[in-house]
Amino acid sequence: MRYMLGQIFSSVRFRIGFSIFAFILLTVLIYPLIITEPPLKTISRGTFLSPGIYVNVYDSIGFSPQYTLLLDGAAERRIAAKLNADDRASMKEWLVKAGLPEESIDTQDTAALLEVWHANFDPTIRLPGMTNADRNYYIRLNTALDGLLATEGATIAVPDATTGALKEQAVVDQTSYVNIYEVPNSRVFPLGTDNFGRDVLTELVAATGVSLIIGFVAGTVATVIGLLLGLISGFLGGFVDDAIIFVTNLFTVIPSFIILILITFSIGQDKRGAITIAVVIGLTSWVWTTRAVRAQVISLRNRDHVNLSRLSGHSTAYILMADIFPYIASYVVMAFILQVSSGILAEAGLSILGLGPRTTEVPTLGLMMNWGMIYQAHILGKWWAYFPVILVIALITFSLNLMQTGLDRVFNPTLRE
Amino acid sequence: MTTPMTRAMLEVNELTTRYITRFRESIYAVDHVSLSVGDGKSLGIAGESGCGKSTLALSLIGYYFPPLHYTSGEIIIDGRTITGMDPDEVRKTILGREISYIPQAAMNALNPTQRIIHFIEDVVLAHHPGTPKKEIYERARERFELLGLPASVLQKYPVELSGGMKQRTVIATSVILSPKVLIADEPSSALDVTSQKMVIKMILDLMDKGIIKSLVFITHELPLLYNVTDDIMVMYAGQVVEIGSADEIVFDSVHPYTRALMGSIIVPEKGLRDVKLTAIPGTPPNLKNPPSGCRFADRCKYVRPECRVAPVDLHETASGRVYRCIIPEQELRTLYEHEKR
Amino acid sequence: MKFSRLAVIGLLLGLLMAISVAPAAAQELPRNETLYFNGQQWGSVVGWNPYSSNNNNAMAITQADSARVIMFETPYLYNMLDGQVYPLLADGPYTWNDAHTEITFKIKAAAHWSDDTPVTAHDVAYTWATHVKYMTPTGAGNVDYIEDIVAADDSTVVIKAKLSDDGTAVNPLIVQAYVSTNYVIQKAWTETLEARANFDATALLADTAEDVVYSGPYHGYFWDESKVIYIRDDNYWGQDASMWGKLPVPKYLAHNIFADNAAGTTALKAGEVDVSQQFNSNVQDLWLVDGLPISTYLPEAPYGIGASLPTAFYNLNSHGLDNVAVRKAIAIAVDYPTIIANAMTNQSATFEQVPRSLMNPTAGEQAMYDHAAVADLQWAGNDIEGAKALLDEAGIVDTDGDGWRELDGQPLRYVATCPNGWSDWQAAIEVVAAAGAQIGIDITTNYPEWSVYQTVVTKSDAPLPEGYDIFMMWSDGAGPTQPWSRIRKLLSSEFIGMTSNWNGNWGGYSNPEADALIQAIPTVTDEAQLKEMYTELVRIYLTDVPSFTLMYRPQSFHTVNESVWTNFPYDGDGTNPPVPPLDMTDGWGIAGLYNLELVNP
Amino acid sequence: MPGDPVAAIAARMAQGMSNATGVQAVYEQYTELFGTDKPIPEQFVIYLRNVLRGDFGYSISQYPRTVGDVISSSIGWTLMLQLPAILVGWILGNLLGALAAYIRKGFDRVLMPASLFLSNLPAFGMAVILLVIFAVNLKWFPTSGGYDYAMVPSASWEFMWSVIVHYQLPFWSIVLITIGGQAIGMRSMAIYELNADYVKYARFLGVKDSKIIRYVFRNAMLPQITGLALSIGTMVSGALVAEIIFSYPGLGNTILTAVRGGDYPLISATTLIITWMVLLAFFSLEILYGLIDPRIKAAQSE
Amino acid sequence: MNMKSDDIILSGKGVTKIYGFGPNRTVAVDHVDFSFKRGEVISIVGESGSGKTTLAKMLLGLTSLSDGQIYFEGKLRDIRTHRQKREYWKNCQAIFQDPFASFNIFRKIDAVLLDCIRLRHGRRLPDEQKVEMMREACRFVNLKWEELTNKYPFELSGGQQQRLMIARIFLLRPKILLADEPTSMIDACSRATILDMLMDLRSEIGMTPIFITHDIGLAYYVSDTVYIMEHGRFVESGSADDVILRPKEAYTRRLLDDVPKLHEEWDLSTV
């Protein structure tokens, strides 16, 4: 056993695959211990918040220690952010169209520009060639210009409980800074939030776990069925073999994904639990295992060691378990690994079609992908809502396949260099 | 050497080659082997499985690819040293033209999806680029018919041929360029006795008809070797243990190992049932880590403490016998006599 | 290699096949003469039969609430913004007789069919007769309220209301809505169709009717799996001075068929779509982030005019949901701002902006009830403490300590559901379920396929099965019978036990007081009395909570890309009457087509 | 089976009706038309009989279109997309696999993990990544559809070009996921063949490496044909997903619409057609294999 | 080799094996008759494809007969049930050609030997007795049980494995031993050891060995009676000396001619 493991781990492929898989598995196990929040909790009002650190504004104004930093150009940076070169050019364009002489407008002199702008801009004027989108843009720009050049601080006021009159509470200077680590309320979203306003990373970890379980269950079902049918078919031969081979051929020719679609659809979304889906995937994907096992068993069944075992008076069941199974165990393990990865892929594929599991308690990778796409994350550039999902799926199946090829090289010496 | 000193077609001096395993271990399967085959002569190489005889066959060709690696020594074919030559040069000018090879497993030696003639074309064109196909075909047909094979074989796929036929096709293909030296590695071991006989006859025909000049024949079947080659060389654990004429080796061997080997021959002849077969206990040494003294010491009946001390050289006695043992020839013969009684 | 040769042959074969599949027709549509849409047509066009509901031909045939489509025309056009109707085929306003039992209007002299024959009163009458004869949805839906439609002469149409025992019209509201919600089909063509179908209803409705005669400005030009194109009829009667006086601007209206919203949004971003009727999530990103020349009817959230009220219904037969405290507790605990922010990506007014009632957020409907009278009943959600107090007060508490409340010893355990793949509804339902968890009511979610869902919900002659405790359905949008019709469908007990109930009140709510008010309103003409009655209905609705609205949803989403066309309708565009954001193919929205201008003429 | 298919049509017809008898009448009309009033086994027999006659009946979601009509308008696109894509993916994959087996060293070390990774990307993942990179961001290719949004199909060169441009992304997304798996299989087969006796023998007779590689490639490729035949079913499913992501007007989208619309006649017919296509591909490949591989020929003539 | 008697231990009438049907039908063994005498050493000689291995499998009861009957100790052999088979296998055992393939590589040597004890003596023996039996068997084949216990068969050399096979037979003490090419896969030098052990075993437990081989020399060396098999039929049989030294049938003669010899000229012209 130790020798065997040594052999297996001597394969670089297996080691890499195993490391990736172990990392994913450990993350799935450990992450929930650190972030205990339920993965499906809606955490943001507003969707697709981009990855970053979110600091509570209220707390950062009122209660944190505030520092005065005498930084040069802080105001310039703020102005540049709120009024960039494009905006200035657009302002000039509007003013020129409104009839002002072009040379009278200096887009570099912010104060002068603003002055001319405030004096002339009227949102109700429709200039020739200006679309409604342009009009909206100028209105938004005009609003953003409010208080742009102000040098005094912002006043925080609280309404009086009885009169409703505003009472000054504090003034936030333009030179006030807070250290975000000192702000008591902050939250990190390494992967932002999704269309439901859920924390993508937390959801992703939970989904990975569920998808792994789906893959594992599907793989187990497929492998058990495939193994049993393959053993029976290969060892017994005759009519049983013919019957099993017929069914196997049937399932080979009919694309299993199509069968999967039909079955999952027939079950109905309301009855599709994650495990149900996994079992259905398993039920439709045993064909390859059956084929492989059967071929192996046929080549084994007339081997001398099997004959010797018979001559020693062992029963068929015993021979299957003791003399055939150990020889194909490595193939079965490899087939199982492949089944797990194809199970995960199948779930994801089904979910993309909207035939995924009904997981309102837990997400799956496929469902996350499906929702991301329904809310057009990929079109709107919200990469964090779909790309990590694809990556995780690819990494899981990649690591499993690496392990499988690693095993293959150990068990199939002809593939060695 | 016991053979009359004709011109040596193949001469090998102290050739050493090794396998490098995927665990980066070296196995010296051919360890300082020297031999010489004269013009018109044949040499048989005998030994148990794993003794290095097949590796020697591969090593003699002078074209190495992993996992087999050339280490030292030289191979001279008709006066031309091929060791140290550029491999591509060897491929173009030596392989198939100077020295050719018949593989052990003829069953799989031909590309299953290629007609025989196309393979012959590839072989000929590799050495004589630009030869018209027609000419190649004519030459192949001629050669095949000369060797008693129907020309129709040329148009067939390997699967369409029986085992014996396949092996004979391989032989005819191997000698299509009339090489000087032919190395045959167990060419008949997978065949029935009848096919075996046809194959052997064909190989001997090659010599008789002057298609090849010298033959190195490798097999573990001693009666066969005795009937085919002039001389026999016995190998044990990567080394030569004894060389001599076929008669000497079979009926009058000196080395204890050769002796034992010859004592285990079974042929359906009168008197066989009265013979007691000899047995050698134990197994050959591991070549990854061979013993420092005589490699046969552990299994030898006549082993002495000094056997294990230092490597034993192959040496020629006054009577012209060549073997690898520290016990003098005469002493061994006495021991054998004693044994018989 | 032989195999690559094979591949090349395969490819060529494939291309050849494509050529043979593709019918030889015209070239590329001129961009400057074509207005592209998305979000209306899903799947390919099936047919052009104005009597059938199975044409899957949203722009040209299928009647929405505001009726008029680009191929067929109603006598009057309804404008959801001002609630008025404007004559189209009709000449001048219609008139009620004094007894309020008959409507009379005239047909414009200029109106003619695409085969140049005039539109007559006989066409109107025969359209109705055919609807009734073959029991089309239109026929079946109105036959209880309209006695007959007759042509007094070639140009005069008289619609006779069905009368109740006391001699008054059963429902004048529906009768009067008919003129703006049902388009006119040519009598001559109808007769051809009937002959072709051998007067068999099924065959008549299954006819694809590509030869149909129409009166509208556009008709089918090309359609396949990937698109449908309509071309302007330059002989359109509407260019007569008695109507618009000119033709609509785009020569072609084209609708590419997208697999989903994502594909549609991509095309919109690329400028391949001018008018988008689909839900584009986070629509503001299109201009704020991507800087595209895209805008909506309103420049800021909610970006459009809400006109329908997607609503969660309670199944009143489920354990505990017959208890008003439970219903109200769930309804007030729901986090509506999150629904609006996440499910609708802020494309809905909040319940602070437009307090909940039975009315949609248009000014016309909002004016129809007394806001102050029901102010203390309205809730804006997120009232967890209030909900808990309500339940505690009703004695619905957690007796066995498992964290969930029980009523009569049985735990309150519900399944909230909506169709699978209806993304915004699903997101909303998730928020509803989350509210349950906070107040100790166990709500799980479940999304059956639409085919299952609609079968279960609409076949309500049997009680709703398990799993449909809280379920989402729509309610009526804007229209000439609103808000009465919407209220009827939310509250009227007349729909309980129908074989196939496509109307409303699926939860089985029954309140004689509400029924009486609903019954009475259509015949009431006094504004003040109406307002009082509507206010009373709102009070009942907010008190009994048989269902609760989750968000406001526009009748049509209306997002436009101004890279080719401009002067689309927007709030405050100065049009009079105002052009509603109804994607310019329905109702008064079609007026927008006449105002379009090219950005780069 | 969930949902009453006829109810869907009836419901569409009945939308807005408020009198029960009218709805009931409509419902019964369609029940009769679709034969759903008969017992299930009888329905099945009738269906089978009709299918054998090539009549798949009416589509429910697109009534009154027939299933045959719906499928025939999309099957051409699917054939045109998938057949070449799978073949090209197969050929490229085999070439790369053979190269990896022969060159080994650096090439192999980079190419193998890369192919493995590629082949492990889910089909939709590959499609989405290509879509985002090449269509949404770089705008080199259109995002959806089978031809230009502004075009009307015609036998013109512009139209053909538009079809080809729209073809690229779905095509390559199928090709790329096919390549990986094929390359891995080919590499193992080629290594196996490279160790075969005939390679050694040919080398010893001085045959050039380039020739030997040709032997190996050919011999390793033959089993790959069977592999292609066996896995074509799997590939088709990936290809269907690619069609859906790119809104390609093929069978993938037909299935999706059918599933969403609960359209049983359409679902079963599409399944049947795809199975039939896979079967056809399967048998043509088997026959092709028998023709190309002399070993099979010999075995058959025995 | 003087244990001959006229007591027939195993005989067959019209024994036939047909594989496949239709165009794939092959007759592997074609109505052969035989009667093996108790205590004699019997060889069945044939080239590959002659049907000798199929016949061996039928004799062993590993393959069913398509036609004909096999009689064991004068009675019709009946091995339809597993119990009957076990009973038969107590009396009829085998040694296979390839020692490396004959053992389950996942089972330890002890298990292999214990199987034999169980088959012979049932399960009730005390452990010490079992160990003693294994020890004895190993001693017989010149192996040390202490060195074998807890080892796997594949850790032994080919010759040792074949000896282990013989130890198995020693424990089982069958009446018939089918040796299917027992020495063809091992080196010439170990061949004698194996053959000697088999002969010792024969005298020790009084069994009837049946050699199945392609090597006519080996057949001559070990056996009393030789059967020559060609295309599923016996073409010649008789005492070893008669068949080998004075062959009657042309096939036998050809077979003998084709074998290279040491003391006779090998006539290559006959090809």
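Here the chain labels run A, B, C, D and E in written order, and each chain numbers its own residues starting at 1.
Here, a contact is a pair of C-beta atoms (placed from the backbone, for glycine too) under 8 Å apart; a residue touches a chain by one contact, two chains touch by 3 or more.
Predicted model only: the values in this text are computed from it and were never measured.
Student: Please report the minimal path length, in steps, between chain A and chain D on the chain touch graph.
Tutor: The least step count works out to 1.
Student: Find the most central chain, measuring centrality by the gap between its CA centroid and the centroid of all protein CA atoms shown.
Tutor: D
Student: My parser should flag the chain pair with the most contacts; which pair should that be?
Tutor: C-D
Student: Let me check something: if the centre of a chain is the mean of its CA atoms, which chain is farthest from chain C?
Tutor: B
Student: Would you kindly tell me how far, in whole Å, the mean C-alpha position of chain E lies from that of chain D?
Tutor: One centre to the other, that is 56 Å.
Student: Report the inter-centroid distance (CA atoms only) between chain C and chain D in whole Å.
Tutor: Inter-chain centre distance comes to 38 Å.
Student: Among all residues of chain D, which ones touch two or more of the remaining chains?
Tutor: Expected reply: 2, 136, 244, 256, 259-260.
Student: Please output the residue numbers of chain B that touch at least 2 other chains, ranges allowed.
Tutor: none
Student: Multi-chain contacts only, two chains or more: what residues does chain A have there?
Tutor: Residue numbers touching two or more other chains: 265, 268, 354, 373, 378-379, 381, 417.
Student: For the complex, which residues does chain A have touching chain C?
Tutor: Within the complex, chain A contacts chain C at residues 40-42, 44-48, 129, 131-137, 139-140, 195-197, 265, 268-270, 354, 358, 360-361, 371, 373-376, 378-381.
Student: Going by the contact rule set out above, which residues of chain B touch chain D in the complex?
Tutor: Within the complex, chain B touches chain D at residues 61, 63, 65, 91-92, 94-97, 100-101, 103, 105, 107-114, 119, 122-123, 126-127, 157, 159-160, 170, 173-174.
Student: Using the touch rule from the top, collect the residues of chain C that touch chain D in their complex.
Tutor: That would be residues 1, 3-4, 6-7, 10-11, 13-15, 17-19, 21-29, 31, 34, 36, 43-44, 46-47, 52-54, 56, 135-141, 143-144, 201-202, 205-208, 222, 224-227, 229, 254, 256-260, 263, 266-267, 270, 272, 421, 448-452, 454-455, 458-459, 494-495, 498-500, 502-503 of chain C.
Student: Which stretch or stretches of chain E touch chain B in the complex?
Tutor: 47-48, 157, 159, 187-193, 195-196, 214-221, 240-241, 244-245, 254-256, 258-264, 266, 268, 270-271
Student: List the residues on chain D that touch chain A in their complex, please.
Tutor: Residues of chain D touching chain A: 1-2, 104, 113, 116-117, 119-125, 128-129, 131-132, 136, 184, 188, 191-192, 195, 230, 233-234, 236-238, 240-241, 244, 255-256, 259-260, 267-268, 271, 274-275, 278-279, 282.
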